[in-house]
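Both complexes shown next keep chain A, but they swap its partner, so chain B is in the first and chain C is in the second.
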Partner chain A sequence: MNAYWQCLCGIVIREWLRFVLQRTRFLSALVRPLLWLLVFAAGFRAALGIAIIAPYDTYITYETYIVPGLACMILLFNGMQGSLSMVYDREMGSMRVLLTSPLPRAFLLASKLLATALISLLQVYAFLAIAWVYGVQPPAWGLLAALPALLLVAVLLSAMGLLLSNGIRQLENFAGVMNFVIFPLFFLSSALYPLWKMRESSQWLYWLCALNPFSHAVELVRFALYERFNGLAMGVCLVLTVIFSVLAVISFNPQHAAVRRPS
Partner chain B sequence: MNALQATGISFAYGARQALQQVSFCLAPGRFTALLGPNGAGKSTLIALLTRLYDLHQGELHVYGHSLQRQPREALRQLGVVFQQSTLDLDLSVEQNLRYHAALHGMPKALATARIEAELSRQHLQERRRDKVRDLNGGHRRRVEIARALLHQPRLLLLDEASVGLDPASRQALLAHVRQLCREQALSVLWTTHLLDEVQHDDALLVLHQGQLVANDDASAIAGTVGLAHAFADLTVGCAPRTTASDRQPLGAQNTPHKSDQVSEQP
Partner chain C sequence: MRRLFVYSALASALLSAPSFAATAYISNEKDNSISVIDVATQTVTATLPVGKRPRGLLLSSDNTLLYICASDSDTVQVMDLATRQIIKQLPSGADPEQFALHPNDRWLYISNEDDSLVTVVDTQDSKVLAQVDVGVEPEGMAVSPDGKWAINTSETTNMVHWIDTATQTLVDSTLVDQRPRHVEFNKDGSQLWASAEIGGTVSVIDVASRSIIKTLKFQIKGVHPDKVQPVGVKLTRDGKYAFVALGPANHIAVVDAKTFEVLDYLLVGRRVWHMAFTPDEKTLLATNGISGDVSVVDVDSLKVTKSIKVGRYPWGVVVTP
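Then we have the complex of A and B:
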């Protein structure tokens, strides 16, 4: 058991060291949601009125509404990017080192997913701190209550990313993932607009959004941030995390990348 | 017990066959060179040995442990230096070694002692806090060897470890690995495409177009005509010859290689 703990700690520490060393990457990961919050939301505030909806007790600004969605957007980008790099490109070297460990491959991959998720949480809380200063201030206990929700969502999205990179051969670069995975997941969700608004516009778009796992991830975090529990969102996220993680580990094969790109 | 036993290994990249029915044994405590032109299948063999690729045909045993059925026991016996550096350039030498120790589940105190010992052996104590990015190619390779030996494996695999090094660093690296082999009874599989990295007392495997075309002592394969002639003969004819007894006299009609570097066959 101790060997497993040492291994997990080693993988998390390595991710932490890389995070500390790559400050520019950290800053650039923050710029994206901040642009949405400070520019896009400011522009849309007047155009989009938000009615009182759960978990909010009163009328809220548009900025307040989109903060949980933007927090999940950080996790979405990090999860997809991290998982893809596990299989392709420059991470190939470190992946080879990881796989020479005598510990089970499933444990190694799960540890890597968890380590990536933990580092993503730091970025999310840095974003929430800036949003706090900007004026979006969820309850202090809500910030704590959101921690397990954010961790679950981070692992869910990383596992989804790993599963996609294992199974879909056309996803050769991050631009393709942006267009065909990240943007549809993000825009067809409750991250930027409440689903009742979407229902007013289009019934079938509403159903796409309602079925989108990312919508449940956003709602789980939104409710947790305001000290509320969303059982449906929790159930969906938990079940999908288990399914995606198991499938991702079973289907993981770095040989795919090598066979696609024989050197 | 053999350090490594490969039996009937075949592997294909789609329609392209990379290895065909490769079988050989590595004697324990011996330096074995695996020689072959670029594209001969050396790196594919290393990828199979390190479980990067799944083995679908054949058997691999490391000190008696099946890589397919007992991967944990087999991998514990293996230290690997890959062709392309797998060190994290932005981390220090010590941080890279600690990461590897953690991957092998070593407790912190044991990892500290082993790192100290390996850095001392590689004469790298002064560089332990330096970022790998700041080391030259020769030192990086030494760090990779230190890392590969950290968990005290009995078989060390080096996949074209001298690529990219200047001649002096290359010779120093090779001498160092041979010394490890002699002094610690470490079994070594050294893959290369450079003839001058093979010594006459080495065991030698020659791989060509995915087939093992020679498996003997280097001196026996070289015969009276020298290794360059013998290698040219082996890799042009591509007729498998595995023991000294079935080796034909190497023809003087073969033109010798002007360079010591083996070129890809057309």
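Then we have the complex of A and C:
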């Protein structure tokens, strides 16, 4: 047990150090949602309020609406960036050093997922703090209730990132991940607009959004932030986390990089 | 996790301390009904049919009777709140919209929008005591806390009319901004606040000199100034705040009643018009005509906590303990 704990701590500390040392990464992770909140939402500003939908009890501004979606966007980018670092680690060797550990590979990968998730949470709460100062103030207890929801979503998206990274052969492919994974997941979700609004313009776009796992992730966080529980979103996120994690571990192939190394 | 939610729900329920046991009555202009809201549970508990186009609402001083301006029925209905039955119809004159009750609990001052009249009715023997000629399209009504003045606003003449209640005659008028809709005295009766819907302002009038001492203007980021149309005004008894409902701007302005500075704008539903406090003044209810709901404002934190669906075009609101 002690070895496992030591290993987990090691991985978390390594992620933490990387996070601390790469301040630009932290800043860029914050700049992205802040641009959406302070610039996009300002341009889009619905000062007259948007219609009441669950979990909100009254009329809200557009800024208030998009904050949970932007929190999830941080987790989405970090999960995918984690996958990039996996590719990097595999090619540069630090991942192979890790994999020489006698502990089961599943545990090592799970630790890595958890470490990425914990670092992501710090960034999310930094963002929520700035949003609070800006005037988007969910109930204080909601910020606490959102913690388990955010952690689950972070692990889900990291697992998805890991699964994807197993299929990526080159670093440059991250641009492809951006275009084919992050953008569709983000835009075809309830992060930026309520789904009833989507339904008004297109029924099949609505269904794509409703089936998008990222929508469920956003709604889970949105409900938790306002002290509500969304059973469906919770179920979808839990089941997908398990499926993606299992698939990611099974498909993980440390030989990948070695095969391609020029001899 | 679930336990956490239960704890947090409990904690927030305790922290927000709703105004227990208060009951709110809302007139639904298009539904010809009154919605009854239990303020503690924030739910509609009953919907009572009344006369046509109910607008202004008032309570008797002992909170047992509800007076209802049934505008299209050309009458003021009196509802016994114990039985929730209409027990009387008062001769209000045509198209009553707003009214005010004298502190003697008998004289009801009613504005007749189409006839440029204020009708004074004795609520006990249902007799018209007097009819006072005022400006065109009279609307807002208030009686000073000492009972000396009855105030009427005329929407087209843009005036606040001062009626001496001892003689039931108009003695003076004060010019305010365009389309004055509502008037409200502060607790000691030294100030009169009058909203001007088209002018977009609220005039604070010194009662002793009957002159304007301050004109409040409102500006909400991202909302076109034309949409800022002040209607309802409510002042807290402690003299701390004034709340001004800004109509189609969908916001309530919070004003420091001492410095006349606008402190904040609270987002509510569409076309907010009239407001009422719970007896403890911890909660303010506001009717949103177009969105058909009532927004609940927590006065301590100045936050809108909920919007409750009622009938179509809610207009007036009163709250009993």
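Worth a mention:
As a working rule, the second predicted complex is superposed on the first by the 241 of 263 C-alpha atoms of A that agree within 3 Å, B and C clash if a C-alpha of one lies under 4 Å from a C-alpha of the other, contacts with A are read in each partner's own complex, and residues count from 1 in each chain.
Note that in this section contacts are C-beta pairs under 8 Å (C-beta built on N, C-alpha and C of every residue); 3 or more make two chains touch, one makes a residue touch a chain.
Keep in mind that what you see is a predicted model, and the values were worked out from it rather than measured.
Overlay on chain A: chain B and chain C fit together in the combined arrangement. Once the two complexes are laid over each other on the shared chain, residue contacts for A:61 go to chain C alone; chain B is not touched.
After overlaying the two complexes on the shared chain, residue contacts for A:144 are found with chain C alone; chain B is out of touch.
In the superposed model, A:227 lies in contact with chain C only, and not with chain B.
Vertex at chain A: the C-alpha centres of chain B and chain C lie 160° apart in angle, rounded to steps of 10. By the touch criterion stated above, A:52 is placed in contact with chain C alone, chain B being left untouched. Of the two partners chain B and chain C, more chain A residues are in touch with B.
Touch criterion met: A:11 reaches chain B, while chain C stays clear of it. Residue contacts after overlaying the shared chain place A:133 against neither chain B nor chain C. In the superposition on chain A, A:99 makes contact with chain B only, not with chain C. The minimum CA-CA separation between chain B and chain C in the overlaid arrangement is 31 Å, rounded to the whole angstrom.
Those residues of chain A whose C-beta lies close enough to touch chain C in the complex are 45, 47-49, 52, 57-61, 139, 141-142, 144-145, 148, 227-229.
Within the complex formed with chain A, the residues of chain B that make contact are 13-14, 16, 43, 47, 50-54, 71-73, 75-76, 78, 80, 82, 84-88, 90-91, 95, 98-108. Of all the residues in chain A, the ones that touch chain B in their complex are 2-4, 6-7, 9-11, 13-14, 17-18, 21-22, 93-94, 96-105, 108, 253-255, 258-259, 262-263.
Across the interface of their complex, chain A is touched by residues 1-2, 4-5, 8-9, 11-12, 220-223, 227, 249-250, 267-270, 291, 293, 295-296, 304-307 of chain C.
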